[in-house]
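The two complexes that follow have chain A in common; it is paired with chain B in the first and with chain C in the second.
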Partner chain A sequence: MSQLPKPDRDQLRAKYPDVFDRPAETRLATPAMIVGAFAVFVFGLVNLDFSPARLWSGLSQLGWITLMMIPPDPGSSLPAYLSALGETLSIAVLGTTVAAVLALPVSLLAARNIIPSQLLRFPVRRAFDSIRGVDTLIWALVWINVVGLGPFAGVLAIAVADFGAFGKLFSEAIEAADKKQVEGIRASGGTALHEIRFGLMPQVLPVIAGQVLYFIESNTRSATIIGIVGAGGIGLQLAEQIRVLEWQKVSFLILMILVAVAAIDWISGKLRFAIIGQRAIA
Partner chain B sequence: MLVVEGLTCRFGTKAAVDNASFSIAPGSFVGVIGRSGAGKSTLLRMINRLAEPSEGRILFEGVDVTALRGKELRQWRARSAMIFQQFNLVGRLDVLTNVLMGRLAEIPSWRSLTQLWPDEDRALAMSALEQFDMAAIAAQRADQLSGGQQQRVAIARALVQEPDIILADEPIASLDPRNTRIVMDALLRINKHFGITVICNLHSLDLARNYCDRLIGMAAGRVVFDGAPEMLTDRIARELYDLEASDVMGTAPAQTPDGATVPAAA
Partner chain C sequence: MTTAVSILPGPQLAALNDAYRQAVARKRLRMTLAAVTFFAVLIVAAIGAEVNLRTLFTFFGNFVSYFDRILTLEDGTRVWSNPAEWFWGWRKWLWMLGETILISYVGTMIGAVLAFALNFFAAQNTSPAPWLRFAVRRLLEFARTVPAIVFALIFVMAFGLGPVAGVLAIAIHSTGALGKLFSEIVENADMKPVEGVRSTGAGWMSCMRFAVLPQVTAGYASYALLRFEINVREASVMGFVGAGGIGQELVVAIRKFYYSDVSAILVTIIVTVFIIDIATGWLRGRLFGKDSSA
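Entry: the complex of A and B
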């Protein structure tokens, strides 16, 4: 039976000092980071008035609200709620579609493989960044002051905010496209427009369609929130019923939103598969 | 007549193609041979103007191709059709549309961008597909085809460009032996049938000797051999390919006296 030769510890220690005598910084780094992160957490809690006593006393209130919610009941306002839900869905679909249609041509200008010049791409990218940096809710407050209360302000808010998001996502999808297919078009004598239409778009459109469908789904939720600040739709109804403590109506509205989001999720899944083709997944 | 004069292409300080000069008569089948990285691809890509030459000129029927711009450049690209190692089809478009891409330089943009292809162009594309027994799968998506089928679609695309020259960049390097023969035979048929000049980058000397009536050998960006396949002796081949020679000539690897195989890279 063969055995490792007895290690010469002193010689090895001299040869690889870092293995045997790890410097204090590396030995203490991990514990220091854990202690540091915990300290930041505690500081945050104290700073934000975290109080277990208040949470405890509030818990009974939460239980009481939950009891008041059962059973969910729209009262006599079901038609009004349905039309409000329709309004919210329209805000989401219209806003997202407008954003996507406007962002697609502009995102070409932000893609490295279309515009190689950093000088030209930079302002477009920064514009997308700054638009995206302002949240949908804030855009809603801005547009309510410009065009007045109602769903039109909601559509504008979603369209503008997601224009920034789509611009970034689309341009990245375009940059990830396969160069060889574009080169095939160029070598056949196609113009730059042909390269984009026949070389890039067939590759990019399924990705873009998936992103747009997800945003419609996510914007159904956003549209509820911006409804609360006055941009119309079911959010407005929800805020009002919470204010007048009609908890049965509140729970009914929440259930309506859940069902709507689930339905949109299901439809968008079907649509996405129809666009990209089943085979690509299999 | 295609004339290449002192053609050089530099990437940074490295010259991928270094002062290449030759002329090619119409209707010939020319093989460009040499090791990977010898500059064969860059040479072909410069002729189609996918790569910009740093120095030198390319003349076709007396016209300086290197100076072309805009529409004239696109028409030259259509006349010097490229065939690629990786086929370069658009995977999500159907076979017919991929072949119709070869008509882009001729058709007005409003028609091609709206996909309102004229009937005569559709007919041209279908007859090109028929040449290679591919008409039945015209409606299939290109990325659902096998490699050999994809390369035949790419050749059909090149054919409908009604080219004077076909530039084939390692057209068979991604294919199995059976498809290799189908694709090389297709190129030979185009050459003999339609009198289209074929310039074909090849890695395998056996194929080059069988199909080409002239060989251009490149090493480190320079043209080091230019002549009929019979003039390519084993000694020249060995110089061209160095250690790889035995691989590309299809002979058995060298044997040591006791019968053990010597690894090629050792």
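Entry: the complex of A and C
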């Protein structure tokens, strides 16, 4: 049996100082970070008033609530809930479409290959960022102040919030487009508008359509939420039933939302695939 | 020098032209049909959502002037002319903002730990049993499909008003979202180390600990940081339903028409979100290099 030569420890130690004698700071970095993170966590628990007694009574309450939710039962309000669900879907579809239609022309202004001037692009980009920085719920509250309670405020809130998101996404899609086709249009004597219409749009539109569909999907969720502050749809019903402690109706409404979201997921997945074809679904 | 372009003989060309025209016509027809369907859906949606363009036109001035009003102090001057008056409540707001960040921090931590505990069961390559995988996946799906604020509404009923409800709501939602992402990282992990560890006679636990975990921790931390960023936004509206944080102040200011307060709080929130975005982006870059910052 052959035997490996015995390693010379001192020589190895001298050869690889980083492995054998790591400085204390690198050795202690990970444990220190974990301890630090945990300390902040404990501080947070204490500061936010997590007492065991409170947790315990809350959990038993929650247990009761869950028990009372079974079985889900809409009572006599099923038609009202269905129409509220329709309202929510309408809010999502309409809000997203309005946002996309408005964002497309403006996003051209934020794309590097259309507007080369940094000076012009910068304010448009910052405007998109600021709009995105404000949550959809806050926009809903603002629009309720303007057009009153109801689903219309929800549409406008989603439209404004998504305008910011779409502006960024569209301008990125436009920047990623291939230059050659635009150059081809220019070479055959097309104007700037022709370049955008025939060189850029055919490349960009499928990507944009995919993003819009994806947003309709995620906005179905947002549209449920904005109802809670009074902007129509199924969220309004949900918040009301929670406030009056009708737990069976609450669980039914939650189930309805889950089913609707799953259905929209499925449909928009199919549509996205049909539009984008074999390309990766982003 | 001129080059003659050779043209196909007439009948052959006519056939090709015909085929081309037919293909174009088919495409146009499909586009038109799609457009008509889409507009029909839009019209139905517009009726469903009680869209009233007249209201919009009548009140659009209100929307614009709303921003004018929130940027005006009570004495009629612009807010930036007197920052001390504009941010009169900065002490309280910063305190609430700190609470908001703490809510999202604690919520993200709890969510990440729970997601960590569950994700090995949800990943295809490491799950010990198909039924367990199915159950865990459905559970995670439920946790991330129900919006956090709905959980918050229910938890406010169970745990009372205050940040506890917000933390738990964010924790559950983060569990769902992170559990899915974590399990996807595990599914992308290299399985050869697992085989190596198993060949030494190790159990499932040791396989996960010594073969999978070293590959995936960086990804976990990166996603958790990203989630923290998202949760700060989420926590800033938790106060709308009474679940703690700065949202409470904001909703009071909006509902009671304290105009300059609205803009002051909004500015504080936006600036905080920007700072946290940049800070976590920087931290992710520091910790995991440029390519994992997605």
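One rule holds for everything that comes next: the second predicted complex is superposed on the first by the 247 of 282 C-alpha atoms of A that agree within 3 Å, B and C clash if a C-alpha of one lies under 4 Å from a C-alpha of the other, contacts with A are read in each partner's own complex, and residues count from 1 in each chain.
The rule is short, and it goes like this: a contact is a pair of C-beta atoms (placed from the backbone, for glycine too) under 8 Å apart; a residue touches a chain by one contact, two chains touch by 3 or more.
The model shown is predicted, which means the values in this text are computed figures rather than measured ones.
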Partner chain in contact with A:184 - chain B first, chain C second, else both or neither: first
Which superposed partner A:229 touches (first chain B, second chain C, both, neither): second
Which of chain B and chain C A:41 touches, first, second, both or neither: second
Chain A residues touched by each partner, larger count belonging to chain B or chain C: C
Which superposed partner A:245 touches (first chain B, second chain C, both, neither): second
First (chain B), second (chain C), both or neither touched by A:221: second
Contacts of A:9 with chain B and chain C, given as first, second, both or neither: neither
Which superposed partner A:197 touches (first chain B, second chain C, both, neither): first
Set intersection of chain A contacts, chain C complex versus chain B complex: none
Chain A - residues contacting chain C, complex: 37, 40-41, 43-45, 47-50, 54-55, 58-59, 61-62, 65, 86-87, 89-91, 93-94, 97, 129-130, 133-135, 137-138, 141-143, 145-148, 150-152, 154-156, 221, 224-225, 228-229, 232, 235, 238-239, 242, 245, 250, 254, 257-258, 261-262
Contacting residues of chain A [partner chain B, same complex]: 178, 180-181, 183-191, 193-194, 197-199, 202-203, 206, 277, 279
Chain B residues within the chain A interface of the complex: 48, 50, 74-78, 81-82, 84, 86-93, 97, 101-102, 104-106, 109, 112-113, 141, 144, 154, 157-158, 161
Residues of chain C that touch chain A when the two form their complex: 41-42, 44-52, 55-56, 59-60, 62-63, 66, 99, 102-103, 105-106, 109, 142, 145-147, 149-150, 153-155, 157-160, 162-164, 167, 233, 236-237, 240-241, 244, 250-251, 254-255, 257, 266, 269-270, 273-274
